[in-house]
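Down below are the structures I want you to see.
Each of the next two complexes has chain A plus one other chain: chain B in the first, chain C in the second.
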Partner chain A sequence: MKLLTHNMLACHVRSHKHEEAQPFLIEVTEQGEADADFDPAFLERMFDRIVWKTLYDGALAMGIKDLPESPTKALLDDEVFLRAFHHALLEVSLEEGFLICPFADPSKPNEKRKFAVTKGVPNLLLDEHEC
Partner chain B sequence: MKLKQLQSIMQDIAPFADPKIDLEQYPTGAHLASRLLYTVEEKYNEFDGRTVADLGCGTAMLSIGAALLGASHVLGIDLDADALDTARENCEAFEDLPVDLMQCSIRQVMKLAELGLRADTVIMNPPFGTRKNGADLEFLRAAVAVSRDSVYSLHKTTTRAKVQKVAENELDTMAEVLAELRYDLPASYSFHKMKSKDIQVDLWRFKKKQQESKGVEPAEPKSTGTEAESAVTEAAGMAVQGAEGTPQGLGMLEAAGRVEGMQLEEADPR
Partner chain C sequence: WQLPHSGNPMTPFWHVWLADDGVARHIASRTVLLKGFLEVWGEGATLDELVADVKAHMPSPDSDCFSADRSWKILLDAWGCALPEDDDMLFRRMGFLPFQGRVSLSAPDHQFRLMRASTETNRGMPHMPLRWYFCRQVAMSDRKSRAKYKLAARRYLGPTSMDDEMAAIMVNQAQVQRGSLVLDPFVGTGSMLVAAAAVGAVTLGTDIDMRVIRLGKVDSQGRTVDLWTNFADYGLPAPVGLLRADAHLPPWRAGLECVIDAVVADPPYGVRAGARKSEWKEYVMRPQGAVHFPATAPYSLAECLADLLDSSARLLIQGGRLAYFLPVAPDLYTEADVPTHPALRVLANSEQLLSGPYSRRLITMEKHVPYCGKAAAAHRAAGIRPSHVDRVAEIVYEPRHPGGKPVDEAQRHRNRYRSKKI
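Here is the complex of A and B:
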């Protein structure tokens, strides 16, 4: 699972009653890398579309430290930035681990809801009472 | 990539190992899949440089095709872990294909769409609703919620009027049947008494009237007059002129020649 996919997701457990879309935290057991075509026009469109903080936090979880915390649009002209953005968004991949909702069900405050990622495929199936 | 090349690649994609009747797991078939995909790319240019979602991706045939035709990122979503296992193996046969897979239900896809899940283009071969009533429309609603622009989908020709009504009135999209196709199911399931079963399906294009902001630049359509474009236009025109679902419409389709019947190749069900 690439970080672009992760960026599209938010915790969908109704009983959590999130006020805003809540991105998942990432717990990495195993990660991988692939090559993706470098396409600055695509990256520029994605820059406007994604939630940067979610990408930034996800990248840190995957061991990527070369993304700026608050980039401006002007950075899209900077090849060094573009390459780092490209790599984080489209090339690193979570193979084994979990997507975690940081805010638990109020009735079970110590239990975090974890969605397993197996061979790169996240399982977001919910129990009946969570829908 | 040429159509024949695409079809040849699609032919190597493994079908369901053990199709589940209740989930309507039919093989899409290389012939049908390659032509659906080629139409989207050649006539509408809605894969290249775009994000794509494939709802009910099954073995990821359409997802892989979209990626091969230039999609920058594809998300294939399915309920069934076994199908996704096959899908994953199919994707791995290619090097560095920009396809991610995800397991969840169509109901959860709808919820995720409410929370922001989006793709520029949605493609799908959803359940027809023969096992779970209304499944086809549930997929359509979710697809329109996810898409920033267009949805390409297959639905039984017998449901044409209903699909049109839901797409236009409830979902506020422009809905168009691009082609009428014959889905030739081999006896995939042991209880099928006949050797094969013909289902007539419509290839639909649904286009959102209001394109979402932060998004899609209108795709530059490829130059008109390509073989695929005229073939599909002719097929659609002829098919619509024939009364819905009559053999006559299909006869004309086949006679058009260039469409080559657009029938499903018989996929090995096991």
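Here is the complex of A and C:
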């Protein structure tokens, strides 16, 4: 699963009361990397569709430190930025690990709902009582 | 567009005006249903009429086609009938064409077709009076490069993998381009995402069935084959995400809107693949670390389609398209059976006959207005209109009337073409 996908997801357990859309935290057990076609036009379109903070935090969890924290649209002309954006969005992938919901039930503050990721596929199916 | 000479919309030759050859070549590189583009120099009910028409409309003798540097070839083509036996006579009749270059049968610069088209001897074909055409071949559909995607050669398949040509048609209907972000919410073995990736799309899929998308199969040589190996075999980039998720309760973040360029979907009809969704049940204590497989509940097709339309209406960009198959019983189908949504409008609806009592319709929808939560909720609250669509599985497996006359399938199809309104 690439970070572009992670950007679109959020925990949907009905009883979790999230103040606002909170992305999953990423716990990496194994990650992979594969080359992807560099397409600046695609990156430009995605820049408007993603939540940058989610990408930034997700990239840190995957060991990528070269993304700016608050980029402006003007940066889309900068090849160095585009390459870093491209790499983080489309080239690293989470193979094994967990997507963790940041919500903490006050009665069980240390238990977080974890969704397992196996062979690159996150299992986001809810248990019956969570629907 | 202009109807062909016979005025019958079911004939294969339609007239269209395009800006230039380049447009035709671009369309031909993607098209599955079109055989190609031919520039008509003349047509007629008899050879004499044809020759007169070509003489009246052909380009001037200094045009590139006739240049001494250009090789050429005329192909004699019979459509739905046979050519008169004397080929030489036909070539002689066209002898007035001022070609100066040499003939090349293997790789001509310009290729022409002299066609005789008629359905006089063809059973079941729509009626078309005899017509002669003389055309310059502009661009033909690229069937060779598509052949490598044939399902027969694909290493990982499932019982409902979409046929590769049909997947390409759906991808074209959804106007997928290079760099489009395409979602398949019932991805299964990934057939439709393969077709999307083949034209340069970035792909994303979800499915509720873990076995299909994660486990794959072991092939005859003991290697694991799965969705990922399919993409690797074709040299196509793998999907950016494959998720085990429920289309009824999708995992998209709140406020995720206008992010997907196209949705291509083949929802579970309930005929060869059962449809399931998650359902609420009370919490049950389980031992720590025990593996739990959440129970799923039956998912009616009508509800599944309502969810598909609503998700698509939210996720698609303005002008983005949804292409999906709707299973129907042709004897019971009416246009009112096609699901609706306030943010989507139907652009196309084409039927594919599967068997006697069962067909499916490729529906193309476009997001034509922004998604409005209130309108969508009101639409949903109005209830899902009952239709035979939910009973398709029953209808398909209904026993034929015992002792009845066997249905002549060719006759049935012929009647369908004759009486059907387009």
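Worth pointing out:
Methods note: the second predicted complex is superposed on the first by the 129 of 131 C-alpha atoms of A that agree within 3 Å, B and C clash if a C-alpha of one lies under 4 Å from a C-alpha of the other, contacts with A are read in each partner's own complex, and residues count from 1 in each chain.
Just so it is clear, contacts are C-beta pairs under 8 Å (C-beta built on N, C-alpha and C of every residue); 3 or more make two chains touch, one makes a residue touch a chain.
None of these values were measured; they are calculated from a predicted model.
Partners chain B and chain C, once the complexes are superposed on chain A, run into each other and clash.
In the overlay built on the shared chain, the residue A:111 is in contact with neither chain B nor chain C. In the superposition on chain A, A:2 makes contact with both chain B and chain C.
In the superposition on chain A, A:128 makes contact with chain C only, while chain B stays out of contact range.
Shared-chain residue A:69: touches no atom of chain B or chain C. Clashing C-alpha atoms between chain C and chain B appear in just one of the listed stretches 44-52, 116-124 or 206-214, and that stretch is 206-214. The contact surfaces that chain B and chain C form on chain A in the two complexes overlap at residues 1-2, 4-5, 8-12, 14, 21, 34, 36-37, 39, 41-42, 45, 49, 90, 119-126, 131. Residue ranges of chain B in contact with chain A, taken from their complex: 49, 51, 72-73, 75, 79, 81, 84, 88, 96, 98, 100-105, 107-108, 111-112, 115-118, 214-215, 217.
Residues 178-179, 181, 202, 204, 208, 210, 213-214, 228, 237-238, 240-246, 249-256, 258-259, 278-284, 292, 294-295 of chain C are the ones touching chain A in the complex.
Against chain C, the residues of chain A that register as touching in their complex are 1-2, 4-6, 8-12, 14, 20-21, 23, 34, 36-37, 39, 41-42, 45-46, 49, 51, 90, 118-129, 131.
Looking at the complex, you find that chain A touches chain B at residues 1-2, 4-5, 8-12, 14, 21, 34-37, 39, 41-42, 45, 48-49, 90, 119-126, 131.
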